[in-house]
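Below are two complexes that have chain A in common, paired first with chain B and then with chain C.
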Partner chain A sequence: MSDSHNATRARLPRGRSLWSDGLRRLRRRKLAMACFVVVLIYFSLAGFIYLAELFDWRIGPTLWAEQVGESYAPPSSENILGTDIFGQSVCRKMLYGTKISITVALCASFISIAIGVPLGAIAGYFRGIADEIIVWIYSTLSSVPYILLILAFAVVLRDKTIFGYRLTGITAVYLAIGLTSWVGICRLIRGEIIKHKGRDYVLAAMSYGCSERRIIFKHLIPNVFHLIIIDFSLRFVAFIHAEVILSFLGLGEADRPSWGAMINDARIELSRGVWWQMAAATAAIFFISLSLNIFGDALRDSLDPKLRIQ
Partner chain B sequence: MLIMKRGEKFLAVALITTAFVLTVLLGTPFGGCDSSSSDKDSDEMVLRHALFTKLKGLDPGDMRDVYSVTVASQICETLYQYHFLKRPYEIVPLLAEEMPEISDDFLTYVIKIKKGVYFQDDKCFPGGRGRELKAEDFIFAIKRIANIKYLSQNWSLFDGKIVGLDEFRRITKGCESEEDVDYSREVEGLTASDEHTLVIKLKKPWPQLVSTALADIATAPIAKEAVYSYGKDIVSHPVGTGPFMLKEWHRGSYVELVRNPKFRGEPYPGEGEPGDAEAGYLDDAGRIMPFADRVVWTVIEEYQPAWLLFLQGKLDNSPIPKDNYNEAITETRELTPAMKQRNIQLKKFWAPSTFWLGFNMQDSVLGENKPLRRAISYAIDREKFIEIFFNGRHLVAHGFIAPLMDSYDPNIKEKGFAQYDPEKARELLKEAEKNYGGKLPVLKMAIPGTNSFNRQLGQFLKRYVTAVGLDVEVEYMDWPTYMEKVNTRSAQMFSSGANASIPDAEDFLGMFYSKYWAPGSNWFNYRNPEFDKLYEKIEVMFDSPERKELYRKMELIVLEDCPAAFLNHRVVFALHHDWYKNYKPHAFAYGMSKYRRIDMKKRAEYKELLKTIK
Partner chain C sequence: MTAYIIRRLLYTIPIVFGVLLLTFVLFTLVGGDISIEIAGKGATQETIDEIREEYGLNKPIFLAWDSQFINHFKSALTFDFGRARDREPIIEKIKRGVGPSLALTVPMFFGVVIISVSLALVVAFVRGSVWDTLAVFICVAGMSVPYLSFILLGQYFLAYKWGIFPVFFSPDLTMAQYVALPVLIGIVAGLGGNLRFYRTVMLDEMQSDYVRTAFAKGLDTTRVLFKHVLKNAMIPIITRVVLAIPFLFLGSLLLERFFGIPGLGYLMIEAISSRDYFVINAMTYISAILFVVFNLITDICYSLVDPRISFE
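Take a look at the complex of A and B:
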């Protein structure tokens, strides 16, 4: 009896979780995986620059301020992407800009998730007055044009001292983006929680007498977590763009190179035929935007049970 | 039912007709929405310029920025002005009949005012008709500046100078608001002996009274009826006696002036300096001004679009943006063939300006440490600075008196205050650390503005100062924040500059007088008793070789103390189209639109010329 039971179990296909199933399908998409590698390169570069600065390693991107040639030297074998007004390497500046953009996008993403997910979960689970207040807040926020709202926050936060910590350009930028961009994720999570609240696993948890906090954070949020990841990957691009726009408008990092600041400088240099700084910054933005978009789409398709394909 | 249908038909026809009429009206110049479109088919002579910042206001009593003064000077006039053509610059009467009669003790000035000068028509006057200008209007203008409730930026011009004016100012302190001030209260030093004679009594001789105050827009009379009628709104309702009057002002967009029909008309000057006749500056001699019917300024905050509009012929003149310099100017500092093909003309002239990296002398780190200030000064490569930011156009500032001034010392370069010597800077830095008693802290540099130019300026200065071993943090800020930092004496180092308003170096020397500490003009909060003593001496001296020597001595005292690293003097390269006539550069005057004339035929021909240019 026992042997035949074991044999039956051995014959049954092994079950797969949502995550392993999703990853398996994701791995089949060659283009998405190539894009993932590109994204990984950007992240690794940003991390490497952090480490280099921490341990004072003298590598290319951290030496961006060094004069390597004449002012506005065009791309050549010596300076692959030419030089800027001060004879600094545009290539090094572009690489260093990765750190700024990735930092801003990561920090802003975490801030928006940290605000949006709990608020969405609370609104969706408790409904009633809590839901009304949260919906009222995010409806009001979303009625203000996005860029104007970020600009307003960036201007207000810039150079302010909070808890003894002075908000410099880059900190003000990611705070401004994070504090204004939680509406989308909040709305998404609220809807999903409302949908999940009536499901059997939640009712079972309720009947076992689990606390509301446990139901939300141990049962509901893990079940909608794939949506957070998908949203994160797609929103990341928007945050990079927001940082570029803020830097372009002079509200971003002023003292160190960022892609937005490079575009801002290059804008007026174009008339003197200096195109390489603009080309370098836009190429850097183009590749990470494209890669993140393709990878984010593929991730969504892979983790969406409705879009499952064998 | 039938009636209803007829009614509906009528309504539909009425709506369509109204829409059609509106479309026709808005689509034509009569719609008035697009001022440029209305220029197209008009025979009016319109001067078209760019303004590179938004106008703050057009109340002459409270303005100091170049752009507001430029516009307001076409509307309001002063007692005296600088001659349009003569060089060296010469003061001549404008609203005054003649030069003032000055008493032997140099303390009383009697000024006859022209008769038959009228304010422009405005609804603030009874019947809307402008009245005649009187001596009382000048007294009102000066008392208004003295009114403490008015908070004029121009008070320092008169502080301690006119008999009884300081007392008047003290009395206004007790008033609740600007409107409560009694302007009829007598001031001993400001009286009208008759309707057209102004008498000014001074506490001590003030040789620069005419050039500094009476030729300054601050003392231009603005109708008191307008001040009372418009209240705070006077900033957008200037009512003056000038050749033009305000027609429209869309804040942040454009300003339009039209010819003042009440303007008395003035003849174009008939003499100038040698070469003026050959240059065509005397072609209009004796003709009655103004020539233009309208003057339009479009607010364009970026140089690039303004440059493109200039090339399209939509602006009459333009500065050369640094990134378009090579497009316009050759290595020999002449126009490129491309510009010549467009019949564009180049004017080069020295502006009476100096730019610097200033040090707050009251700062605990910088103020007591002269070697540190000198080290920073030696660390900056001014030649490179001028090459990068001004295409090599500007001059290195070896001192702070601009080369245009007759007190400029031609041998100042040899004194070596503006040398680039990183080795010497490093040596001085060691001395500075010894003085400080350890490693110097991070120094903060305030840069006014966050645009590309300012960011690059901050990066440049930081790069050179850190290269000799100092730690610097650049703080980029908007103009109000910057001004607050400077005015509250909390800026450690700051990038700044000044343009002299008179052809006398006293304007520059005043920036180092200890009584003018910030928020006054001495942003460095510099004090040197010897300098102060000399300043008080030259303040009451008339132009003489002795005064010139004192000016140079005072400049050396300041340079020795090093309250700033002086960087550059501006040399202006300005372009204009060949149809823009009588464009003779003038460093000290702003009300120039009345002299300008447009050759309408040439302007029309430019459109055809553009078609032939690839």
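Take a look at the complex of A and C:
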């Protein structure tokens, strides 16, 4: 009896979890993995600049303010990407801009997940009056055009002192993006939770007396978590582009270089034939956006083959 | 049916209320008293008091008939938003800006839709081939280039360097002249994302049973594509198009700034740089109202056209 049982067991292939299955499928896509490496490079660059600033290392990106040549020197072997009006290295500014963009996009992601996921879960699980209120809040927010909403938040929050903390530069930017961008994820999670609530595993958890908090956070959210990851790998690009537009409009970081500010400088420079600042910022944005787009699509196809675009 | 329309109408009330509440919290509670900022540096207390009086900033915030809260609602419901920094009534400024903004966004939007839907049909036709992969890759690459770079490069090469279009808005140009280049840039920049979306829509349709039937009974590909697939794909396309229409009134923030077109986007940029909360408030409210109205119209039209929609 026990022998035959073991024999059946040996014949059965070992089960794979959603995550290991998804990762296995993802690894087979060489292009997506290459893009993932590019994204990792951007992230580690941003992390490295944080470390360098913390320990005061005197390396390229932290010394962006240094004058390395004459004004508007074209790209040469000395300054790979040329210099700007103050003779500062465009290459250093571009590298430093990575830190600003990644910080803004990461913080905005965390804020919108922290708001959107619990609200979506509560609305989907409890329904009733809580659902009505949450749906009302996000319907209200989504009836204002996205870019207008971000701009309104950014303008109002800029240089405000809230609880004794002054919101300068990028703090106001990621707050504005985060506080306005949770609607999509909230809607997604709400819909999924409504679908999952009737499933057997949730009924089982209810029947053996799990608390509601436990069901939501230990059972339901882990089962829809891959959707959050997919959503944000694609939304991250939008956050980076939003930061660029806000910086360009003068609502972003004022004292330190950012990609949006570089493009704003280029607006005047281009007519003088100074193209390198523009090219550097565009290339920096292009490569991370392209990598994130391709990687996000591959991630979606690997983790949830049924999900389609939008 | 009538009950459905009435219910749908009533449902817009909490949304409009929500938008008013949002703008009140944002611009009055968080934004706070900006009279000192309006008065400028070195203004006397009297000037500041006058400004407070004019904008009603000296009134209580809640809990009075004449409070800022009630006045916020009153001004929004009567579309009387007061005056901008240059003393012109805000509503006049908005009325003036709608024309140039629509002249820019309407051709741009329909250009993008028509071109990307036709291209999507072609791409769906050659699905799975090298051309399909190439098209998707170009779309993703196009989506990754920042919008600002599209504008800057277009303006630099097509207008400044090669002189095909005027570089900047000037009053003596006809509308078609100053709008041509921004429209072109907008179409090119918007093509990537749209083509990819419509391609997915078309591919979904291509896998339906009726397409197989149409091929099986011997119809040629052109007929299947344009007579069967396109018609059925129209439903998601129209939904997307109709919901985008209210946003056309906003104009294009960045294009208008680069080309100096005096539309609503330009007005918004000016308001941002001078921190004129009243203009931003009016723009936010009006665009939200437009969105709500168009949403309402779409839903009612659907319920009239599509018998499958239930009136629950």
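The rule is simple: the second predicted complex is superposed on the first by the 299 of 310 C-alpha atoms of A that agree within 3 Å, B and C clash if a C-alpha of one lies under 4 Å from a C-alpha of the other, contacts with A are read in each partner's own complex, and residues count from 1 in each chain.
Here, a contact is a pair of C-beta atoms (placed from the backbone, for glycine too) under 8 Å apart; a residue touches a chain by one contact, two chains touch by 3 or more.
Predicted model only: the values in this text are computed from it and were never measured.
Student: Go through the superposed model and pick first if A:271 touches only chain B, second if only chain C, both, or neither.
Tutor: A:271 sits against chain B and chain C alike.
Student: Contacts for A:251 in the overlay, against chain B (first) and chain C (second): which applies, first, second, both or neither?
Tutor: both
Student: Going by the touch definition up top, name the partner, chain B or chain C, that contacts more of chain A.
Tutor: When the residues of chain A touched by each partner are counted, C comes out ahead.
Student: Answer with first, second, both or neither: which of chain B and chain C does A:290 touch in the superposed model?
Tutor: After superposition on chain A, A:290 lies in contact with chain C alone.
Student: After the superposition on A, what does A:86 contact: first (chain B), second (chain C), both or neither?
Tutor: The first partner, chain B, only.
Student: If we overlay the two complexes on their shared chain A, which of chain B and chain C does A:141 touch? Say first, second, both or neither.
Tutor: Only chain C is touched by A:141; chain B is not.
Student: For chain A, what residues appear in both contact lists, the one with chain B and the one with chain C?
Tutor: 250-251, 267, 271.
Student: Report the residues of chain B in contact with chain A in the complex, numbered from low to high.
Tutor: 302-304, 307, 321, 323-327, 388, 450-452, 455-456, 458-460, 462-463, 473-477, 481
Student: Quick check: in the complex, which residue numbers of chain C touch chain A?
Tutor: 14-15, 18-19, 21-23, 26-27, 30-32, 140-141, 143-149, 152, 156, 160, 196-197, 200, 204, 247, 250, 253-254, 258, 268-269, 272-273, 275, 277, 280, 283-284, 287-288, 291-292, 295
Student: In the complex formed with chain B, which residues of chain A make contact?
Tutor: Those in contact with chain B are residues 65, 71, 85-86, 159, 250-251, 254-255, 261, 264-265, 267-269, 271-272, 274.
Student: Under the touch definition given earlier, write down the residues of chain A that touch chain C in their complex.
Tutor: Going through chain A, the ones touching chain C are 136-137, 139-141, 143-145, 147-149, 151-153, 155-157, 160, 237, 241, 244-245, 248-251, 259-260, 263, 266-267, 270-271, 278, 281-282, 285-287, 289-290, 293-294, 297, 308-310.
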